[in-house]
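Structures are listed in the sections that come next.
Common to both upcoming complexes is chain A, partnered first by chain B, then by chain C.
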Partner chain A sequence: MEMNLPGDLPPQLQQAIGSGLLQRLPVTFQPFVHQQLSEWDFLFPNERRSVQRLLLYVNSLPPTQFNALFAPLLQLEDKMGVRTWQFSTTEQTILNASLLARSPYYQQWRQAVQNVFDASDAYALKTGASVARRRLVLLNIPAYLPVDKATAWTRWQGIGFVQPLDLSAAHASGTLAFLLFGEKAASPSLLQAAQQPDDHSPAQAWIIDAGDNLIRAALQDQAAAHSTSTPTLLGYKRLDTYRQNFSNEMNTMRRDLVDADSVYDRLRKVDVRPWCPPEASAPSIREFLRALYLSGNGAVIFGNSFVEWGASEALRRARPSLLTAQFDLRSKPKPFTGVAVFDNPDKVNPLPSVDDPQGSALDAQMLSLYIWLAALRFTEYQHDTVCICMAESIAEAYIVAPPQFSLQRNPRPLSIDTLRQQLKTWLA
Partner chain B sequence: MRAESARRKRKIIVVTFGGGARDQETFAPQGQENIPNMMKELIPQSSFFTHVTNQGILGHYVATASLTTGTYETLNNFSAVPPDHPTVFEYFRKDLHRPPTDAWVVAPSNGFNRIGESNCSSYGQGLGAAVILPKHLLAAASSGSKANIDHLLRDNYENPLYTPQLSGNEFQLSQLERVLRLSVDDFTAHARTLSSPDELSLYIARRLMEQEAPGLLWITMHDIDIAHSGAYSLYMDGIRRTDRLCYELWQAVQQNPEYAGNTTMFILPDFGRDSDYDSGGNGFQHHRTGDIASRTTWMMALGVGIRPGMIYDDPIQSVDLVPSLGAILGFDAVQSSGKPIKELL
Partner chain C sequence: MESDSPDRTPIPAALPCTEKAFVTEPELDRSKRDFLRAAGLLVAGSLLPQLKAQSQQEPLTVGSGHKVIVVLIGGVRRAETFSREGLANLPHLTGPLFGHCLFYPHTRNEGVTAHFNAISSVLTGNWQRVDDWGKLAPTTPTLFEQFRKDLRAGRSDTWMVASNKALTSQIGASSSPHFGPKYGANVVFPKQLMLMAVEEALRDGRTASMADRARVQTELQSALEGSNYEGLGWNVFDASDQLDPRVRGTIESAIAGFVHNDGPTSGDELTFFMTREIMRKFAPSVLTVVFSDVEAAHFGSYAMHLAGIRTVDRLCAQIWQEVEQNPSYRGQTTLLILPEFGRDPDGSSTNGFFNHRANEESTRDTWMLALGAAVDRPQVVERPIRHVDLCPTLAGLLGCKPVEMQGVRLPEFHA
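Let's turn to the complex of A and B:
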């Protein structure tokens, strides 16, 4: 199938595609590749590198190796009867996903696809195309979410250690804002330490906030020119307009259209630019948010789900050096609106909202672990990454770190300033 | 003669503990605090099967359809289509010559409206169960009023982008008064005192038991599926609520002379949810990976003919339920791929 390629594809990639590479790929492998190429302008640098690496790797294989790599997948496609399906090769659709999931060979198919990616990743490691660097995942459960000290870290199953914290220095600004922006002007901030000399993309550092305090602090910091770094900033509350308009489109479209792919297709084309706050107006971020809202993971519903899923997707797609996430408070579901979570509960039910600090704290505890588990799925985070999850209400952090991280378990509370210095040293 | 009479009086209730709960939040040691009613009140009366696997497609409609047919159905989870194989309701009604009023389904969302009857040519039309969709009923009952509760019907947690249009054997509003003996006003007023759709389902089920006393009643719970929204605490609330509702249903059975002493009740999730550690999922949120946690679950059986206090660890499959019901009630689930569970016979 002919496709319009973006003009700024690297020449090597254009050459590989021009030589008919895409047509040689198995049918069920093509939607992913086509979609990545058609969305090239919206991809993060890591994704571009990854697609390029994959396609150049398979294109470099002699025919026997190429056939051997894809043979298991092709055999499965035969067994599944893919050629008789109404299967889109140009994009990933809900119908495609449904057809694959209904096949008894679905699990084997998933594994066969994964094996191709694994082979490409292994080749990248062997050839030095993938560079190791130190990384940091920094998570915060704010003071107003009551965490039970006795059970706070049991879900982490002993993979790290508990460190008492002295948060007094950060009291006014909030712990994360202090860690990220509280440095005196003369000294490089934690954000600057995370900036890689060879990569100034905003995708290298992410700050994701279920509220808006942290994002406002980041914007103030930028405005005051204390920081030369420009991280990616996503604030659930600052995205209210985007989210509510998008949600409204979702709810009003459904009655008119005949199937999920039609709805999905239209939502992919809705012009979201008028709804974006300035920090989310870059095309890659705008489209990242659209994909997040379309994914059905609660990102349009709850701030903490937005944070977790946003962070997981940022880790998967952008592989940042620094990922910072802060959870927040949500309201209790109103009676009988448990079913209406895709609507604004305040519109559905006029009763006043009631905060749910206990429920929000439980959500945050589980979802903070999920962010770290999401990171661990990728080689980049398996060896040289420190993860710190702070629970302000009990003045503790749970720290998962490789042996080379200098901070060790200490029964005495660690000042937040000392923690910041340790983290800067780590990233630098 | 007496045995035949007892068999005709026999009632079966199946509750799907849904939609989808993991062992670790239910019967595994760390989850037992979430199901106090089942642990303290029901399990001592039950035969409990610790290892039930679902080898089918892990979508709620298709999986529940598979439970009702005893065959792993392959229909599109997001389509309003009937199952391909005969349902337990059709075996029950055709083989045992039961009237339409003797088999009912109370189901959570629009997608389930075709679950009562297959499109199998030798069974199918007119032989299935009537399906009540309580929220649809509530929305219909409230149409024309000032209250806008259309949102009740946007309830597909698995795919928020699509809700199938209703067609087929849905419950008509006129039956509210004729079958349930409820006025629209009483029904809507009572519904507004409830906090969740599954509470409404239980209310309808109890009403059905009082008015029609069906021999085969299937109730599909769904509150737990709010897990798709990513709020772990609400998922846990859903489990606790479903635990309470199962107990309340069993109490209702004991208080209803048509059911007390005649009833066997089965409680089982349609499937589990993804493990925290499977890279293809997002833990409790979904059931997409097909990993062990999402395929392995449990079943509780209690009441007439059940050995209380028994725990069985041998693996069974979720499709074994229908042939087991056939063996208990005296019908032959000929097209089921499961086999009767010997511990229930």
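Let's turn to the complex of A and C:
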């Protein structure tokens, strides 16, 4: 099928596609590739590199190796009867996903697809196309979420150590804001330290907030010109308009798959620009949000889920040097709306919202671990990354770090200033 | 022995946490007395013979006279249920009830780990691979159809009451040419009624109603009356556009109980009240209940997922309480409780507990607990069983003729 290619595709890639590469790919491989190419303008630099690497790699293979690489996938497609399916090769649809998932060969198919990506990644490592750099994942469970000191870190299963914190210096905007923006104006901030000299993309540093304090602090910092860096800023509450409009559209979906796909199609095309706050108006960010909301996982329902899923997707897609995430308080489900109706319970039930600090803390504990586990799935974060999860209510941080990280377990509370210096040294 | 080693399921205190608890039958035979004492069954007389005796006194209705209730509880992992940490979420199932049960710690879903296919696999004894969203019926006969056709049972004798929104009324009967909808079950989705009531109140500007229990009752009844009930996705007594009056009364009683019980108000609570009313009014021989509060996990709230587990633990105990108090069920009923599947492991690319589509043990390896008339002695059976083994086992208890299916009868059940 002819497709309109974005104008700024690298020439090598245009050449490969022009030579008929896409038509040679297995049917079930095509929706991903087509979709990535059609969304090229909205991809992060890491994704562009990844797609380019994959396609140039398979295009470089002699026919026998090309056939060998895709043979398991082609055989599975035959067994699955893919050619008899109503299967879109141009985009990833719900119908596609459903057809694949209910095949008895689905798990084998997933593995076969993964094997192709693994081969491409191995080739990149061998050819030095992948660059190692130090990274930081910084997570915060605010003071108003009561974490149980006795069990706070049990889910981390001893992969790091507990460090007491001295939070006395942190001001009203919170520990994480102080850590990120509390630097004296003269010295470079933690955000600046995370900026790579060869990559000034906002996708290199992400701040994701289940509330809005942290994002407001970041915007104030930018406005005061204390920082020259421009991280990606996502605040759940600041995205209310975007999310609620999306949520309204999604709730019109019926069970009918065709209808679901048509609604998804509409949601993929709807103009979201009027719904975006200024910090989320860049094309790649507003499309990131669109994809995030479309992929579920509670991102339109709960701020903490938005943070976890947003962070996981940012790690997967952008591979940032610095990712910071802060959790927040959610309300208890309202009577008779509860688990049945999540969409804007305030609209459905006039009873006042009741905070759920204990439940929110439990959610945050699990989801903070999930962000780190999401990072660990990628080579970039497996060796040279420090993860710090702070629980303000117990003045502790859980630190997972490689041996070369200078901060070691210390029974004396660590000040935020000292922590910031250690982290800047690490990133620098 | 370590009770939480990877292939062992921690056993609640009601059963001895010793090798005997995991044993094989011959060993259990040798130690039966100790086992039963430890399980509390020899205290105040033997309950099991008493249950059997009552069973014999009850009049037989259709087939063997045996009744079966299958409770499916959505997707829950071992980590949050039958693990050292998870037992705290199951105070009822691992409390006194456990001492009376037949427990299979390894009950496997080897099919599609999505709701419609998982449930229809349990109900048909074959791994179903139909549309996940319930557009298509299972391809082989359900337990409902086998029971109704074989034993000439009426439709009121087979019911499914389900919270899960991913199901449709297609779950009640297969597309098998020799069976099909004319032998199907009544299917009701109570939570759908709740959703419709909320939607109607919202649409008509009556959201204030949702803050007042009496008005919530009115809203629910209005949703039941005002719309073509098929809009709810139900299929009851083949009625085209009107609910059977017997059913209407049952539903109204359930709504009243739900709204005025001063307790929690989740979808599963309403499903429980409907189930109990259906048991009282129709006493079906084959009843399947699907709870789904645990599916709050899809939205990423671990706390709400755990709350869902605790809710379903309590509701299962309440269903068993109803079985024991209801003369139509007491002593002649077998209750099975099992998850549809687990959930994905922490750190999986599918976002861990949020979802249930990874091909991992965490998603496939679950458990099953059986109580009641077909359990002639409590035991823990370490041998892995499969979801498809339940249908032939239950069909055997009900007195149905064997139908060819992938599952096999479990020898531990006795009619």
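Brief remarks on what is shown
Here is the rule we go by: the second predicted complex is superposed on the first by the 414 of 428 C-alpha atoms of A that agree within 3 Å, B and C clash if a C-alpha of one lies under 4 Å from a C-alpha of the other, contacts with A are read in each partner's own complex, and residues count from 1 in each chain.
Operating definition for what follows: a residue touches a chain if its C-beta (ideal position, glycine included) is under 8 Å from a C-beta of that chain, and two chains touch if they have at least 3 such contacts.
Everything numeric in this text was worked out from a predicted model, so none of it was measured.
Bringing the complexes onto one copy of chain A puts chain B in a clash with chain C. By the touch criterion stated above, A:D417 is placed in contact with neither chain B nor chain C. Of the two partner chains placed by superposition, chain B and chain C are both touched by A:N304. In the superposed pair of complexes, A:L362 makes contact with chain B and with chain C alike. Applying the stated contact rule after C-alpha superposition, one finds that A:Y370 touches each of chain B and chain C. Of the two partner chains, chain B is the only one that A:V263 touches; chain C does not reach it. By the touch criterion defined above, A:D240 lies against neither chain B nor chain C after alignment on the C-alpha atoms of chain A.
Once the two complexes are overlaid on the shared chain, A:M250 sits against chain B while remaining clear of chain C. In the superposition on chain A, contact of A:E287 is made with neither chain B nor chain C.
In the superposition on chain A, no contact is made by A:D384 with either chain B or chain C.
Comparing which residues of chain A touch chain B with which touch chain C, the overlap comprises 98, 101-102, 107, 110, 296-298, 301-302, 304-305, 308-309, 312, 330, 333, 335-342, 348, 356, 358-360, 362-363, 365-367, 369-370, 373-374, 377.
The touching residues of chain A, when paired with chain B in their complex, are 94, 98, 101-102, 106-107, 110, 250-251, 254, 259-260, 263-264, 267, 294, 296-302, 304-305, 308-309, 312, 330, 333, 335-343, 348, 356, 358-360, 362-363, 365-367, 369-370, 373-374, 377. Residues of chain B that touch chain A in their complex: 57-59, 74, 76-78, 135, 148, 151-152, 154-155, 157-163, 191-192, 194-197, 223, 226, 228-234, 236-237, 276-277, 279-280, 282-286, 288, 290.
Across the interface of their complex, chain C is touched by residues 98, 101-104, 107, 110, 155, 255-257, 296-298, 301-302, 304-305, 308-309, 312, 330, 333-342, 347-351, 356, 358-360, 362-363, 365-367, 369-370, 373-374, 376-377 of chain A.
On the side of chain C, the complex with chain A involves touching residues 112, 114, 117, 129-135, 168, 191, 194-195, 198, 201-202, 207-208, 210-211, 216, 264-268, 292-293, 295-296, 298-304, 306-308, 346-347, 349, 351-355, 357, 359.
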